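Quick one: the structure is below, and I'll ask about it shortly.
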Amino acid sequence: MDAHIIIFLLVLLVPLSSATSVVDFCVADFNFPVGPAGYSCRNPANLTVDDFVFSGLGVPGNTSNIFNSSAFLAIDVTFPALNGLGLSMARLDLDVGGTIPVHSHRVSEVIIVIEGTIIAGFIGSDNTAYYKTLNRGDIMIFPQTLLHFQVNIGDSPALAFVALNSASPGFQTTTFALAANDLPTDIIQKITLLDAGQVRKLKTIFGGTN
Amino acid sequence: MDAHIIIFLLVLLVPLSSATSVVDFCVADFNFPVGPAGYSCRNPANLTVDDFVFSGLGVPGNTSNIFNSSAFLAIDVTFPALNGLGLSMARLDLDVGGTIPVHSHRVSEVIIVIEGTIIAGFIGSDNTAYYKTLNRGDIMIFPQTLLHFQVNIGDSPALAFVALNSASPGFQTTTFALAANDLPTDIIQKITLLDAGQVRKLKTIFGGTN
Amino acid sequence: MDAHIIIFLLVLLVPLSSATSVVDFCVADFNFPVGPAGYSCRNPANLTVDDFVFSGLGVPGNTSNIFNSSAFLAIDVTFPALNGLGLSMARLDLDVGGTIPVHSHRVSEVIIVIEGTIIAGFIGSDNTAYYKTLNRGDIMIFPQTLLHFQVNIGDSPALAFVALNSASPGFQTTTFALAANDLPTDIIQKITLLDAGQVRKLKTIFGGTN
Amino acid sequence: MDAHIIIFLLVLLVPLSSATSVVDFCVADFNFPVGPAGYSCRNPANLTVDDFVFSGLGVPGNTSNIFNSSAFLAIDVTFPALNGLGLSMARLDLDVGGTIPVHSHRVSEVIIVIEGTIIAGFIGSDNTAYYKTLNRGDIMIFPQTLLHFQVNIGDSPALAFVALNSASPGFQTTTFALAANDLPTDIIQKITLLDAGQVRKLKTIFGGTN
Amino acid sequence: MDAHIIIFLLVLLVPLSSATSVVDFCVADFNFPVGPAGYSCRNPANLTVDDFVFSGLGVPGNTSNIFNSSAFLAIDVTFPALNGLGLSMARLDLDVGGTIPVHSHRVSEVIIVIEGTIIAGFIGSDNTAYYKTLNRGDIMIFPQTLLHFQVNIGDSPALAFVALNSASPGFQTTTFALAANDLPTDIIQKITLLDAGQVRKLKTIFGGTN
Amino acid sequence: MDAHIIIFLLVLLVPLSSATSVVDFCVADFNFPVGPAGYSCRNPANLTVDDFVFSGLGVPGNTSNIFNSSAFLAIDVTFPALNGLGLSMARLDLDVGGTIPVHSHRVSEVIIVIEGTIIAGFIGSDNTAYYKTLNRGDIMIFPQTLLHFQVNIGDSPALAFVALNSASPGFQTTTFALAANDLPTDIIQKITLLDAGQVRKLKTIFGGTN
C-alpha cells in the first residue's frame, strides 16, 4: 500500500474514524437512560461480532404455565444490537393445546411456523376476525396494534418464530393488562362489560388487587 | 406592481403554480383508493376555506346506548382536510355514569376535560394501571397502543375533547373486538381465560356469532 | 395464582421488567441534554399517574398585553409526559379584539373553539389566504409550517384549545421574530420591503436593537 | 452464462422484475393525483438516465425584479426524479444588492456559496438572529421552518446553490404571503402590528387586494 | 342486543365503515401505480384471511445455480398483505458450500438459522468485517445498507429465514450489480480497481455487455 | 416597550426560554454518546452563528492518491450543526481521470457539477446501469443505498458538490469494504466470484489481511 493510497484513505476516513461517528449500528449502552429513539450507542471500538449474534432463541422455553406456552423475546434489552435498527424477534413454543393469549403491540409482526399446526388470527378495527390454520412453512402478517393470538391445535408441540419491526415492540397481553394490577373491579366492569365475578377470577389468575 | 416584480413572481411561482405541485395540505380525494400514507389529494384549485373547517364536534352525541356515551370522530373520512397532516380529534359525551370502554389505537391521544369529572386511565405494557380523576381544564396523555378508558364519575354529564396524532388512528374497543365477530367461543376462552358463559354474554351484547 | 403462572409471567416479563426497558412512554428527564428525538426518559419506576396529568390549561391566561391574548403551552418542557409522544396542546384566551399574531411552527395544529367567535386563517405557499369565522364547537386545521393566526371578532372573550403533533412544535411569531433581536434595520428592510420607520416601530414594540 | 445461473437469477429476480415492484426510485407520474408521500411512480421500464439528470440549474436566472434576484427550483414538479427521495435543490442568483427575501419552508436547507459575498441568516424560535457574511466555499445550515434570508453585500453578482431535504419543501416568502392575497388590511394590521399604510404598500407591491 | 347498543355502535362505527376508511392494513392493489409509500390498498370488503397468509416459504428453493443457493422472497409483490406494514421475509436454502453472495438493501435484516451451519457477516462503513459461524437457533442482525453475506460451511444443506423491516427492501447483489449490465468495462475498472480480465469474466458469468 | 408587552412575552416565552427547551436545531455535543437519532444537543445559550457555518468545503482536497480524487465531507462529526437536521454535503475534487469509486450510503444524494465533465451513474436493484456525461450546472440524483460513482472524463480537473439527506450518511466504498479488512480470501471469492489473485491484489491495495 503506497503513500498515495494512505492519503486518500485519510481524506475519506478521518471524519469516520471517531468512535462515535458511525451510526451504522447502535448497540445499546445501558449506562445512559433510554430516549424516544432508543438507547445510546456503545463505542464501536469495543464491539466484536459477538455483539451482533444472539443464541437465546435456540432453546425451547419453559411452557409449564397456565397457557402451556412460552414467548422468548430478542428485543433491545435482551439483544442490545437490535437497538435503533427497527427489528426484533421472538421464539414461540406452544405445547399441545398451548396458547399465546390475545395481545397487542406498537408494530407489525410476521410469524413463520417451523413445527406443528396452529390457529392464528387478528381482529381488525371494524371487529372482523381474520383467523386460519397455519402449517409448517406458512407465514402470516399481524398488522400493528391490532389484537392477535396463536393457539396450538395440533397433537404435537408447535414452534414458531416471529419478527417485529421495532427493537422495542411494547407487548400488552389483554386480559393480563386488565387484571394484573390495582384497577378497581367496578371500573373494569364498566369499561369491559365483564361480570364482577369474572373480573375477580382474572385478578386471581394474574395477581391483581382491588 | 411593476414588470420587474411580475418577473420575480414568475420565477418563484412557476414551479409552484401547477395544481398538484403544492402539498402544503392534502384534502382527501375519495375517488382514488387509500394508500399506506393516506388518500390522494384533491386539486387545491377546487378548495375553499370551508374544506379546512369542521363543525361536527359542536353537537352533543347521542348517548342512549349501553355505555351511556358517545364518541364522535373528526378523522380523515369525516373531515378530509386532516388527511396527511397527522392529526384528528374526537368529542366525548359521557352521561352520568357513562363510559368510553377500554380501547386502543395506533397513535397517542391527549384529552382535555371541558365539563364534568371523569376517571381516566391507561395500562402500561408492564400492566401498571395509571388512572386518576380529571376535572375541568385537566389534560392527560394516553401513549400510543396502550389500553385506556374514561368513566364519568360525577353527577352531571361530562364533555371532553381528545386529539390524536394520526388522521386515521384505528380505534379498537377491546371487548367489542373480541366478541363482535365469528371468532369461536372456545378460542376466545383460550386466548382470554374468560369463561364460556361470559364470552357468550359478550357475543350477545355486541352481536357476535359462534 | 399458582406456580405455573408465575413461570409464564417471568418468561414474558423478565425482558420487560428492567426500569429502562419499556418505552411505552418517555417522561422527560431534564438531567440529560435533549437530542434530536427529544429528552431522555425518566425511570418508569419513579413515575405515578400524576406525571401524565397536567392542570396548567385549566386557568385563564393573563391577557393584559399588546395583543390582548394569552397562549399557554402544554409542551415537553411544561408537561414532560408529552416528550417522545408527538403531541402538545395550548390554551388560547383572547379578550374582545384580542389576537394570536401570525406565526408558524414545524408541525400541524388543530383548533377547537370552546367559547366566543374568532376569525382564524392560514396562508398557503401559493399565498392564498384561507380564513373564516369560527364559532363554539368548530374545529379548523392549520397545516405544518404555514403562517396562521386567530382574532377574536366577537363581543365577549374567546377560549380555544389547540393540539399540535409534536411535543416541541417550535413556535415562531413572525413580526416578533423579525424585530425582537439585533438584526440590522437595513437588512430587515431589504428582506421584507418594509419601510425603515416601520421596522424601527416594530423593534421598539418587541424590544429589538440595531 | 450457463443454465444454473439463469435459474438463480430467476429465483432472485422474478419478484423484482414486475415493472411496479421496484421502488428504488419513484419518478413522478403526473397522471395521478399527488398524495401525502408524493406522486405515484412512472413505470421504470419507460425510464432512461435522462430522467435522473436535470440541467435547469446551469443557467443564470432573470434577476430583473424588485429583489434583484432569482431562485430557480429543482423540486418534484420541475425534476420529477426527486419525487419520494427527500431531496431538492435551487440555484440562487443575486445581483449586486440582490436579496432572497425572508422566507420559510417545511424542511432544512444547506447553502453553498459559489461566487460572491452574501449575508445569510436565520431566526430561532426564541427570536435570536443568527447571521453572518459568507464567502465562496462557505456552507451554512438553515433549520427547518425557521425564517431565513440571503443578501448580496458584495460588489459583484453572487451565485449559490441550496439543497433541502424534501422534494417538495413548500416555500413561503413572508411579506409576500401576508400581502399577496385578499386578507383584509385590518386583520393583517392586527396580526402583525404593521401600520395600515405599510400593509397597503405591501399589497400594492405584491398584488394583494382588500 | 338492544337498540341502545346499536346506536352506540353506529356512532362509533359510521366513520369507520366506509370500505376505504380503515388503514389497519393495506393489501396491495396492483391496478394502480406504486408510490413512495407503497401500493394503494385493496378494498377491505373484498379481503379474507387468505390474503394475510403466504405459503411460498414452505418449499425448498431450487439451488441448482452457480451459488448453490436460493433466496425466495415474501415481499410486497409476492405477498401483497405486507404492503405498507414495513416487514418482509425470505427463505434461504444453501446447499453444501452454497452461498448468498455479498449484497445490500435499504433496510436492516435479522436471520435465524433453522438447519445447518453457516458463516454470516457484514462489513461496517469503516470497513471492519464482522463475521461468525452461526448454528441452529442463532440469530444475527445485519444493519441497513451495509454489505453482508451467508456461506454454508457445514456438511449438510442449511436452511434459514430472514426478516427485513420493509415490504420492499431493494436487494442489490454487488458483483451482479456491477457486471450484469452495459456499464463499460473500463469504467468498472476505474471505479473498482478490478482488472479488465476479471471484469470481463464477471460480465460473462452474469450476462453483462460492453 | 410597555409592561403589557412584557407580560405577553413572558407568557409566550417562559416555556421556551429554558436552554434545553428549543430543538429548532441540535448542534452535536460530543460529550455524550450518539444515539439512533444522532447526538445530544449543545446548550443553545453557548452557540453563535459560527456554529452554523462551515468553511471546510472551500478548499480543494488532496488528490494525490490512487483514485486521483478527494471527497471532503461536511457531516455531523465535521460540522456539528448538521446533527438532527437530516442534511450533509461533500466536496468532490477529481483530477483528470480521477474517480470517486463505486460506493453506497443509507440515503439519497444529489450532485451539482461546478467545473469539468464527468460521467456519473448508479445501478438499480434490477442491475440496470444509469450513467451519463454531466457538464457544469447539471444535477443528478442517486437514490438511497444504490451503488453509484463519478469519473472525470474531461481534460481538466472537475469540481462538484453533493448533498445527502442525512447528517450521517454512512459511506461504504465497495471494493474497499470487501478488501480492507481480515475477511478471508476464500470467503470473498465465494461471495463475489472474484478470483483469488484478484482478491489478493485488492487486499494489497487497500491494506487488508488474510
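Some observations on this one:
The first chain written gets the first letter, and so on, giving A, B, C, D, E and F; residue counts start at 1 in each chain.
Going forward, a contact is a pair of C-beta atoms (placed from the backbone, for glycine too) under 8 Å apart; a residue touches a chain by one contact, two chains touch by 3 or more.
Which chain is which protein? Per UniProt: A, B, C, D, E, F = Germin-like protein.
Quantities reported herein were computed from a predicted structural model and do not represent experimental measurements.
Touching chain D and chain F at once are the following chains: C, E.
Rotating chain D by 120 degrees superposes its CA atoms on those of chain E, with the angle stated to the nearest 5. Chain B and chain C touch with mostly matching residues; of the residue numbers seen at this interface, over half occur in both copies. With centres taken as mean Cα positions, chain D sits 26 Å from chain C.
Inter-chain spacing, taken between the CA centroids of chain B and chain E, is 34 Å.
Among the residues of chain A, those in touch with two or more other chains are 16, 22, 24, 32, 35-39, 66, 121, 125, 128, 131, 144, 146, 170-171, 205-206.
Per the contact rule defined earlier, chains pair up in contact as A-B, A-C, A-E, A-F, B-C, B-D, B-E, C-D, C-F, D-E, D-F, E-F.
Chain F makes touch with chain A in their complex at residues 30, 32-39, 61-62, 64-67, 69-73, 75-78, 168, 170-171, 173, 204-207. Taken in their complex, chain A has these residues touching chain B: 66, 97, 99-102, 104-106, 119, 121, 123, 125, 127-129, 131, 144-147, 149, 151, 170-172, 174-178, 180-183, 187, 190-195, 198, 201-202, 205-206.
In the complex of the two chains, the chain A residues touching chain F come out as 1-2, 4-9, 11-12, 15-16, 18, 20-24, 26, 29, 32, 35-43, 83-84.
Per the touch definition, chain F reaches chain D in the complex via residues 13, 16-17, 22, 24-25, 44, 48-50, 52-55, 57-59, 74, 79, 81-82, 85-89, 107-110, 112, 114, 121-122, 124-126, 128, 130-132, 134-141, 143-144, 146, 161, 163-165.
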